[in-house]
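The structure appears below as structure tokens.
Think of it as A, B, C and D in the order they're written, each chain with its own count starting at 1.
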Amino acid sequence: MNFCSDNVTGAAPEILAAITAANSGAVTSYGADKLTERVEQRLKDIFETDLAAFPVATGTAANALSLSLLAPPWGAVYCHQDAHIAVDECAAPEFYTGGAKVVDLPGEHGRLTAAQLADVIARSGKGVVHQAQAAAISLTQATEAGTVYRPDDVAAIAEVARKNGLGLHMDGARFANALVFLGVSPAEITWRAGVDILSFGATKNGALAAEVVVIFDRKRAEEFAFRRKRAGHLFSKMRFLSAQLDAYLDNGLWLRTARHANAMAKRLADGLMNVPGARLAHPVEANEIFVDLPEHAIRGLNTDGFQFYRWLGDDKTLLRLVTAHDTKEADVTAFIASAKRHAARANERVA
Amino acid sequence: MNFCSDNVTGAAPEILAAITAANSGAVTSYGADKLTERVEQRLKDIFETDLAAFPVATGTAANALSLSLLAPPWGAVYCHQDAHIAVDECAAPEFYTGGAKVVDLPGEHGRLTAAQLADVIARSGKGVVHQAQAAAISLTQATEAGTVYRPDDVAAIAEVARKNGLGLHMDGARFANALVFLGVSPAEITWRAGVDILSFGATKNGALAAEVVVIFDRKRAEEFAFRRKRAGHLFSKMRFLSAQLDAYLDNGLWLRTARHANAMAKRLADGLMNVPGARLAHPVEANEIFVDLPEHAIRGLNTDGFQFYRWLGDDKTLLRLVTAHDTKEADVTAFIASAKRHAARANERVA
Amino acid sequence: MNFCSDNVTGAAPEILAAITAANSGAVTSYGADKLTERVEQRLKDIFETDLAAFPVATGTAANALSLSLLAPPWGAVYCHQDAHIAVDECAAPEFYTGGAKVVDLPGEHGRLTAAQLADVIARSGKGVVHQAQAAAISLTQATEAGTVYRPDDVAAIAEVARKNGLGLHMDGARFANALVFLGVSPAEITWRAGVDILSFGATKNGALAAEVVVIFDRKRAEEFAFRRKRAGHLFSKMRFLSAQLDAYLDNGLWLRTARHANAMAKRLADGLMNVPGARLAHPVEANEIFVDLPEHAIRGLNTDGFQFYRWLGDDKTLLRLVTAHDTKEADVTAFIASAKRHAARANERVA
Amino acid sequence: MNFCSDNVTGAAPEILAAITAANSGAVTSYGADKLTERVEQRLKDIFETDLAAFPVATGTAANALSLSLLAPPWGAVYCHQDAHIAVDECAAPEFYTGGAKVVDLPGEHGRLTAAQLADVIARSGKGVVHQAQAAAISLTQATEAGTVYRPDDVAAIAEVARKNGLGLHMDGARFANALVFLGVSPAEITWRAGVDILSFGATKNGALAAEVVVIFDRKRAEEFAFRRKRAGHLFSKMRFLSAQLDAYLDNGLWLRTARHANAMAKRLADGLMNVPGARLAHPVEANEIFVDLPEHAIRGLNTDGFQFYRWLGDDKTLLRLVTAHDTKEADVTAFIASAKRHAARANERVA
């Protein structure tokens, strides 16, 4: 009954099975193997385009390496102020880019807008040697507020990027969750909308530790292999990374697990709306719920063994609840019941 | 019948099983879990001392992160000219240290000596602002020549390091292979001999992708956690990394797999000594054999389906043969027989 | 009649003369000379304490090198959002620190407050591996708004720094201007108030190109020499840098030039207050004036040959006017007269 | 009577005068001034080609910034093992390139050869992700052994660079000395021979502190301005840097000062050849002499007040003697006489 994050979960059985299946005999190391080749082919099919795919093991590696392709050391990367690259990666983008600036911007429900970015970039001192140079935009899809950019949002932002010569990165740690919410094709929300590089996440959605950097413009990919190696993110026994991704992409597993997580989030959010005093801070569009609950309900939930984060500090009542590929419906039901019960009792006491 | 490297192998069944076993229920992410705690405790027991242990997934990450603790950006790191950190990590140590110099030195059979290091350091310009400052020594154990440093070798080098204020790192990608050859305790060949930080390898010896940085002086460990995170080497689902290491260390598995690999190397080397024209370039002390074979024998082996590297180039006859935790005795026997047969036939033709 | 910046000016005659005087005979290079020694001694006398002094040629070098002593690559440096290190140095602090984050904060009239910093640091995730670690505070004295921190302001901020284990840097590109405004001793506004490292500026106040990094805690100085050299900021013919600083500090020249610049700013500001429609955006405490003037007055001033920046963009009427060591009183008088005349004429036309 | 280095000297009077002359009135800062423009134009005329010129104050800055244009962080830069970038810049190239490898190679009389470089590059693992990628060659002209590359030498090396896709940098800290020795045009020994970027030195040859990075391919120059600024090497009062270079290039001053230095070196070397036991280690082609003298002669010279370095350590008898733009013929004559006298006396004693 742990709703802290989708990374407290284990792996999908299909993915574990794939790892075991990959363990037969000698295989050329460092990615020159058939599984790795197949993962890239699967991604080409899924995204309906040529692309270069580089598996890595963590989201931070995927993001920071991606940004290092788009921003020079004197560049500026624009992102939402709650973005993982801005607040949760211990200055990894700065490390990988050689010292670029991550410029964090406000934005309702975790989203940036094209107008806002156009304005910020216009005032950024393009060509002026004293200022870090606007180099890239990074969007988080689904956002850190559990919301989702629509294809039109992304396309408008990409147009701002294109006009100003910036690259567009998408942090897709929860890409699958966003995709199944939107009901569009993977191409539509990425390269067709103007995304240059996608951190395509799998870990949070059922893998053990696997992400893949998807580079839609192969010219930009040339240097990635060297950057990945010198960062220590090239696995010698790559097959075990690729096996996870292969199973993840096989037969729509990644979409099924994301659909489940989103459905659980929706059910949980809907249920909580019947708790007196509950208020959602953001629309629930993926697998994260930001909900304000009465203090006594929160304490009651803790007493009943539910785990989650108070999002703004230990003395605040805004919770983040995250569902995942393996969230049990019964746990969701129990959570709602517990919240209702504790909220009601408090009201009785007050009355 | 692939003798290219110990990283072309799969994983030991016990380690695969441990991963599957670790996949139950929610576990706190980023290493605050019981498996990770147990790995550190196991290492304390094995090394008979307090220490800090940080699992990572690749040897390059382990080495480069370790060196970043020992060498400032204006530091010099001394190593053998064939060391992995010098020639096989695409300047990862330079990246992680922020620009330190990796100074590669010659040395017979892959080993450095205390006298050589004392001399080089004495001439390095200590305190002179124009020169990179001697900061660390990195030894590879077992070496890239398949040889092994004795405790006295390490202690003498550590004494040079200590006298000059340098840190001592050990790249133990094949630490287990060295250890079982020496028949000494892990403590004896590391911290008791003066090693400060050990890259303790598991991947080559039976894990999927798991190494652990062992820091014997906990004060030096303080910054490691931040360095690992900002490099993207902190796994969210750490349990799957720790599960590998836990099984690896459990009940001596790591020593058994290394003993097997070494025994296979010994058998292979012994057998090849009966091949006319064969000559060992280095003593065989771990799981690597550097052997010069007649050209026709090499071609015959290739024809028979054996895979390996010509170590000095495609037109050279020095081979590197690597055995591993899962090398089959039958394959070794077949290799020897093939070499003998092809060598003999050529001799017949000549005769 | 150029009020664009104090760096459009030439050098004080005394400083030029000192350079010429320094040009006699052979002198040991790289700073092991008597002039450099004397500069350090002068600074010890002026600041009434032991210290280490490192001349460099630019303010960006002084600031970025200073911060590299205080913040590790995973550190965060807090400063005002208009600080030079945040907006005018093309990510130099990020380069020199190896990727630390420069966190820019709002603040009235260019100043940060202790309460604000205490709050930000408290929410910064100290010890949490995912967040860049609060490492240093940088104050600009005088600020980019032409205002000045009082000793109590600095001491309160230093107390926040000390309690949280942060270093305190002062960007003193206009330190002399602040000092003569305050009328306190150099010690009082720096190390006695808790400043660890001071970028002590001379270029803007009469030198050709000379700043000196003053490190009050000599232990922190140990690595500076190496950092300066590897950045290419150690001059071989150091005497020519030191000669500038020596003359600057000799017989109070630095205070006289700053007093003149401040007096000119005061006179200019006072005069402009008689211009209809004029409004100061910030108190005038040093040698910078931020004044809003009517558009027709601005255009008239331009027509009359006065040069200055529109601070918020070409379509805005807020001007920055900077006076300097060599600003002529006649130019100030002429500026005021021109502004009044153009403002009056416009009013006539309107009437 | 200081022969330690050409950087123990002062400045040429013409250059000092130019600084004083530049000190009149307000001038736009950061290089948008007429003097800086004129320096670039002079260089275009001198090198008979379009180019981009960036003044900086130190040779280390010129070299490290130049290399950062040619080598990516995972690149390798090849140079002579005595090159300034390899041994005298405290890992500045590593810092500026973001961690590239400086690969130092042996070579007679301070020179590399095309054949040697072709061989090293051929074995460097081009395209192999594990190896730092051959990116640039850096030649020192004149070399650290006081010798000079001929145009054909440079052209042959440039051809190796071109064939392998490497950039070619020339460290011309003593470029003028090399040029007047060769008697060729500046174009002939640089871009016409295939040099991409030249660190054009002035400090050692008569300036106070001024070098200029000459980029022959303007496309490569685009990023230089940002790199220089973020390194703190963009001077606000640029006119004082440019004034030095302007005077240096005016009316052949730079060639006259270099001719003088070279002539003094030749005279000194010729004279020393009459000292019993004297032996030159390298041909004297510029302004440096490497000469082995009898120990008693060295001690006598020291007693007589001559200063110089024992090049290989305090117990060795190889001296480096450097002449400069202001070396007095009388000092040279005195040096020779002193050496002869002390050598002769010792012989008498022995006899």
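Here is the rule we use: a residue touches a chain if its C-beta (ideal position, glycine included) is under 8 Å from a C-beta of that chain, and two chains touch if they have at least 3 such contacts.
Here the structure is a predicted model, which means the values were calculated and not measured.
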Margin query: Tell me the fewest steps from chain B to chain D, where a step is a jump to a chain it touches.
Written below: 1
Next item on the list: Look at the interfaces B-C and C-D and say which one is made up of more C-beta pairs in contact.
Entry: C-D
Next item on the list: Could you grab the centroid distance between chain A and chain C? Build each centroid from C-alpha atoms only and quote it in angstrom.
Entry: 42
Item checked: Computed distance of Cα centres, chain C from chain B, in Å -> 52
Next item on the list: Report, in whole Å, the distance between the mean C-alpha point of chain C and the mean C-alpha point of chain D.
Entry: 35
Note to self: By the touch rule stated above, which residues of chain D touch at least two different other chains?
What the structure shows: 30, 73-74, 89-91, 95, 98-99, 129-130, 133, 226, 229-230, 234
Checklist line | chain B contact footprint on chain A (complex, rising order) | finding: 1-2, 4-5, 7-11, 16, 19-20, 22-30, 56-65, 89-92, 95-96, 203-204, 208-209, 226, 229-237, 240-241, 307
Checklist line | chain D to chain B touching residues, read off their complex | finding: 73-76, 87-91, 94-95, 97-102, 123, 129-133, 313
Item checked: In the complex with chain B, residue positions of chain C that touch it -> 30, 72-74, 98-99, 129-130, 133, 223, 225-230, 234
